[in-house]
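Take a look at these structures.
The same chain A turns up in both complexes below, where it pairs with chain B and then with chain C.
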Partner chain A sequence: MKNKFVQAILVIALGSALVSSCKPKNSGDAVSGDAAQRVYVAPGKYDEFYNFVSGGFSGQMSVYGLPSGRMMKVVPIFSVDPESGWGFSEETKPMLNTSEGFIPWDDQHHLELSQTNGEVDGRWIFANANNTPRIARVDLKRFKTSEIIELPNSAGNHSSPFITENTEYVVAGTRFGVPGDYDKGDVPINTYKENFKAHISFIKVDKESGKMDLSFQLRLPGVNFDLSHAGKGKSHGWFFFTCYNSEQANTLLEVNASQRDKDFIMAVNWKKAEEYIKAGKGKIEKTKYAHNTWNDETHTGTSVIKEEVLVLDAMAMKDICYLMPCPKSPHGCDVDPTGEYIVGSGKLAALIPVFSFDKMVKAIGKKDYEGDYEGIPVLKYNSVLHGEVQKPGLGPLHTEFDGKGNAYTTFFVSSEVVKWDIKTLKVLDRVPTYYSVGHLCIPGGDSKKPFGKYLIAYNKITKDRYLPTGPELTQSAQLYDISGDKMKLLLDFPTIGEPHYAQAAPADLIRNNGQLKIYDIKKNNHPRVAKGEKETKVVREGKKVHVYMTMVRSHFSPDNIEGIKVGDDVYFHITNLEQDWDVPHGFSIRRAQTAELLIMPGETATLNWKPSKVGIVPFYCTDFCSALHQEMSGYIRVSPAGSNVPISYSLGTNLPASAKK
Partner chain B sequence: MNKSILLVLSLALAVACGKKEASAEDNYQPGGGEATTEAADPASYDPKRGEGKFDTVELGATLDQALAKKGEEVAGVKCASCHKTTDEKLVGPGWKGVTERRKPEWIMNFITNPDPMIDKDPEVQAQLEICLVRMPNQGVSDDEARGILEYMRKNDGVK
Partner chain C sequence: MKENNLTILSKVLLVLVGLLFIGSLFVPMWRIELNAPQYPEGLMLQLHANKIGGDVDIINGLNHYIGMATLHTENFFEFKILPYIFGAFALISLILVFINNRKAVFGFLVVFVLFVILAGIDFYRWNYEYGHNLDPNAAIKVPGMAYQPPLIGYKQLLNFGAYSIPDTGGWMLVGAGILLFAIVLKEFKFKKSI
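On to the complex of A and B.
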């Protein structure tokens, strides 16, 4: 069996050798003999890395093991999740609140793991929402969204959520220039150049708790900020943003935003900006944005609407921002592990410009400007350029680093990943992707300390890679071994939504971070917790009925409830009394208008139900919890609106009249 | 959630599972083929003491009322959903008479370390055939367990 498999692989490898130098037509040509062994993780064994993959238009984040490509979890962030009740339970609804109400969906593009001293520290992962500008923080002890902050004065929150090297700030640049919330917004669209502005948000992150706070925003010309990365090491204190549409076109951008030969990478001296803020140069502007936080002891999210934001006009302050010309509508903006080299990827270019931080600092010192752009100095291209990678491929998008002096850039148009030497700018190797790669990820690949063993390509086009599933196909990621001189394709694996940026970290860093197994029921401060069956009850407050219920293997308390009437507004506050790992219970009730609840050990969650029909309504546990799981159920009697049936509830005592005698 | 609970249950009843992890080279054998080689030595299990950190538990001649009260509070949150204070079985057996049937160290070990004891203790395995639900580890601390024991004594009439 094993030998036949090896033979087959050998034949394939031989075949590929014969047609080497031609671009392979399918994966068989590209896979080397021992690929299967390299990605095989035996049953019961752990993967070497966690891979956190953005969910794109699914609004979620998915978590994979590498090198196996096995999916372990989907974390709902900017989405509703009927499985866990995220966005359906009363406690989670505030997490999706915004200045314009409950918004249960978003387009989740980029993820960034928290860092200390420029190295991944395994505490939190930040996620952006592209459509309704928001930033979320997911706690990696719980794999749960802990906080979501909305961003005012923004639209198309694309160049986010990138962080500084000690997670001092998460930044978020707006992709669409729009009039600020504090400007007059009701203006003709073709007055773009006068009225549209771009804002970049600096969100402070608390060192201990991770709690976010919108510290200040920079007001900038109305260009489209696309991607960004912080300086590190020597360039710590700076942030770099690509921008396109420096033409400031407001229609047919495909043509009109591609007129200029060069757009910009904007370098922001954020330490200088902090000084100006301290000196009171910022202006408090009126706006509205939601700040939603999760409390692990009340098991409840709270949404607060904030009404002011501090804005610093970067066009008026001459020494915060500097523009470096960058060819052809740059997209990716990546800083190498030393902090010296800044790679811009002009998505319409056939070369990759690499900028030098040292040269940039020198040029700023000498005021080596070619002019200014709406008040912001524009540095001379040749004064800040380290060099260009010539003929690397077509349509460069994103670059990551292996920590050994090499950079890896994706090419959408020519559908490949290209490895090149950062110093000499020589192309070293190239591998095809299937098909049209967008983002890529190397574990720690945008930090000071990459773990350059694997590279994952996240592809935009899937076509024939998997069994067909009708018009919509799964998305495709591909794993490459980059430990040697040549990159080697090892594995395809499907992803959820459309993956954009991803992060990866050594498994031990995450699994030894103090992973939570249960919620301590002693610390459960939910206002309607029932700590034990003796605290369970059913309370009527007018039309509202509050059911304080517990669950344990394998029954609910109470499990017989009468006196509910059509038109009531019933809230089930359910506490899982278990204190053991991997024992959630589910709760579902017939014709619930929302979803189920999946309640972790020691947690309390609330489901709202509005009965509209007279009759007996069963409820049951959805998560197979014990040999008597099928018995874990109960009944509710729903009477007509005007009924006199009193509230009653019980467990184990509501027996037939004959049995009571 | 552990959907394989039935499988685990039947394995537990048949033979104690080996704890040695299979290396990548080992061939997979259905039913845990290597269990016999590494199984815990049944002879080392003391059915009187159980298995856990408690060797001997000193009991007072009379009841410690305050301790029993604390134990009752903890039991209300973590135990009472499944155990009645009478001799009636709910999910698990009723508590009446338990302090007469079991040594105090066995009770303390079982509360704080249930899983290995369910796998090894012949009487617990017999009980599992009746109840069909493994007693969960409820994260009870040593002090809390001692309180529960005192509450059980009170329930059994110790003054």
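On to the complex of A and C.
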């Protein structure tokens, strides 16, 4: 009896040991031995690639070096940034203006580097704002937002800002079908099918200056456009958009927009659309949208409200748009470097369909349609399909390419990256991500010329990967080496906001693009610049007081100001006189109701201050500029509202009576 | 008579000397390289025949910390006359070809050497003046109130390492001097043996 009991215990113990030894080993084993060496960039050495990562709900863009994962900069775009004064200084406020006024925040999802001949050219990077539909252009010589254009007739600007192969256009498809601004908008929500429409914007980009202009919009059936990519090479002239909610549900989309077996990838012949526009088929519609541009010589943003947009009804023109059925609410829409293969990733599909551009053109020629969707021809699935990747994983989202005939697709649900052969559609390798990867990026991975050495996966969930930081944990990026047959995990690094799409380019391409070091003060055309201490002054205009101030290591001019009164509206127009690299100065005033200014060499910026208390108010430089940074400061005397203390200002002369003899 | 005439080679070399003098007008003569932890890329002061060049604005911006006077081309009479001197040297070199007399060449070499010595003394004088005439109210009191860059070679000045050497134009002048010396040597010493 006793023996049997002991035996039973032994059997149970052995059994459970066997079972637990079958459990897969933890993720620590996924890193190969030389990973540390591969990502180590010695102090003072440069990284090999720039990685531009969308900031998600932070509204900004972050810049990292690869392979080290070191963050170098956060570029403010759609959200105010107290650190740099973006959205706080008088000059930058117009950059965040919209048709409904100043908006301090947005959700930044996708980035796209400008291209020439389908190759990354390192001039600009475009960014989308998801919530209040906008597209921004960031100048990569300055790492500064140069332009923001609002998109009318749009809501949830998700399928943007993707570009054509010579940056002819940036496109932006609406995520939400909504009645156009020119349609009657005050309608019952459950009249989606009749009243809701979707618009896709084509924004022309000037070849030299990069200036954007909303060229035209396509009016389309009310669906949700999700992502897009331009054709390239042979498919240049076409654009591809995934769309879901072809069910046109307006409530409980989770269920109601997941009913149909297939939604669509929409192919847009934009060259054809251009022809129709030229032929005058577009209709000018009334709307309102802001177009904000930054001027590097006046150091000032200007916001212009535009009131018209050219709309082309794609449902009426039968040969602009074609729909390719694509399984289960497709998300990513990626075109391989040759331009032949279009990969659609159905979020709920158990396979990845790959479409052939040649087959699509043939099918369109033969009018091989299975019907139409609100006037837009629907091509037969089998006529346009190159093939399907079978059992690749669960929840495919996005695909990038290495230029060697391989595609890499992320899987949110099964939390992995899968490498597969574009031609044979065979799965070649798979690696886990930690955890639930969204987008991925290969340097140049959506262009004609991928650089294909690294792959970065951007994860939504990190759980146990980092030291805990309360309820909200960091999001992360993971770097993989893809130079060999097998993908190798090299590094984890945290990111700001939530990273969505990202771009990467060889360091030399950006570094040698003519990086700006200083703003030439001779070219400073700010209307209230002081180009030297002799030009500084304080001018009262009624309640308004304009202070023309300069800063140089290590003093302000003037640094003693009297005659300011409670209730005044004071504007400090401050010029940084430095003409040397890496010598910005900051400016802050006690109890100023706004953020600091951070002013680059040769730049002028303005801080508005409304003193409400009598007393002496100090101001100082906030950027440790020199050995005498702590001395870089000054005083303002604030007198009562009715006081008759005259305006006076000085530097170095306003000494105490005891010193004047 | 004939023994004082110049050989064809010497004449060619004289023309070359003239060209070197002219050439030196278009490139910087002297440079002072400055390195500091804050300036890993280095700062450079370049002295041309007619102006101060290089990062002079940045250096002037830094001078106030130690109370050194700022550098301005118009404060140095040398930049007004140096182009004429080098122009004259070039002209003399060419005229010597026609004068065709080795004693004249020797005389010119002596003049040039004297000029170089004078220029060196003048450069030292300015270095001394700027390095010692420091504003006593400046934020940083330099130990010994002396911040004099080296006449030639390297010297550490607080956080800056200063390296004073000829620039392209200076090397051209050195070349001109060597050529003149070679002509004189050839004409006086080796003439008969050739």
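Following the convention adopted for this analysis, the second predicted complex is superposed on the first by the 634 of 661 C-alpha atoms of A that agree within 3 Å, B and C clash if a C-alpha of one lies under 4 Å from a C-alpha of the other, contacts with A are read in each partner's own complex, and residues count from 1 in each chain.
FYI, a residue touches a chain if its C-beta (ideal position, glycine included) is under 8 Å from a C-beta of that chain, and two chains touch if they have at least 3 such contacts.
Note that the coordinates shown come from a computational prediction; the quantities given were computed from them, not determined experimentally.
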item: First (chain B), second (chain C), both or neither touched by A:Pro584; value: first
item: Which of chain B and chain C A:Arg142 touches, first, second, both or neither; value: neither
item: Comparison of chain B and chain C by chain A residues contacted; value: B
item: Which of chain B and chain C A:Arg38 touches, first, second, both or neither; value: neither
item: Touching partner for A:Asp520 - first (chain B), second (chain C), both, neither; value: first
item: Common ground on chain A, meaning residues reached by chain C in one complex and by chain B in the other; value: 552-554, 578-580, 626-628
item: Contact footprint of chain A on chain B as seen in their complex; value: 1-3, 5-6, 9, 21-22, 24, 28, 76-78, 80-82, 90-91, 132-134, 136-140
item: Chain A-touching residues of chain C, taken from the complex the two chains share; value: 41, 57-58, 61, 65, 139-140
item: Residue ranges of chain A in contact with chain C within the complex; value: 552-554, 578-581, 626-628, 631
item: Complex interface listing, chain A residues touching chain B; value: 40, 42-45, 518, 520-522, 531-534, 550, 552-555, 557, 577-580, 582-584, 623-628, 652
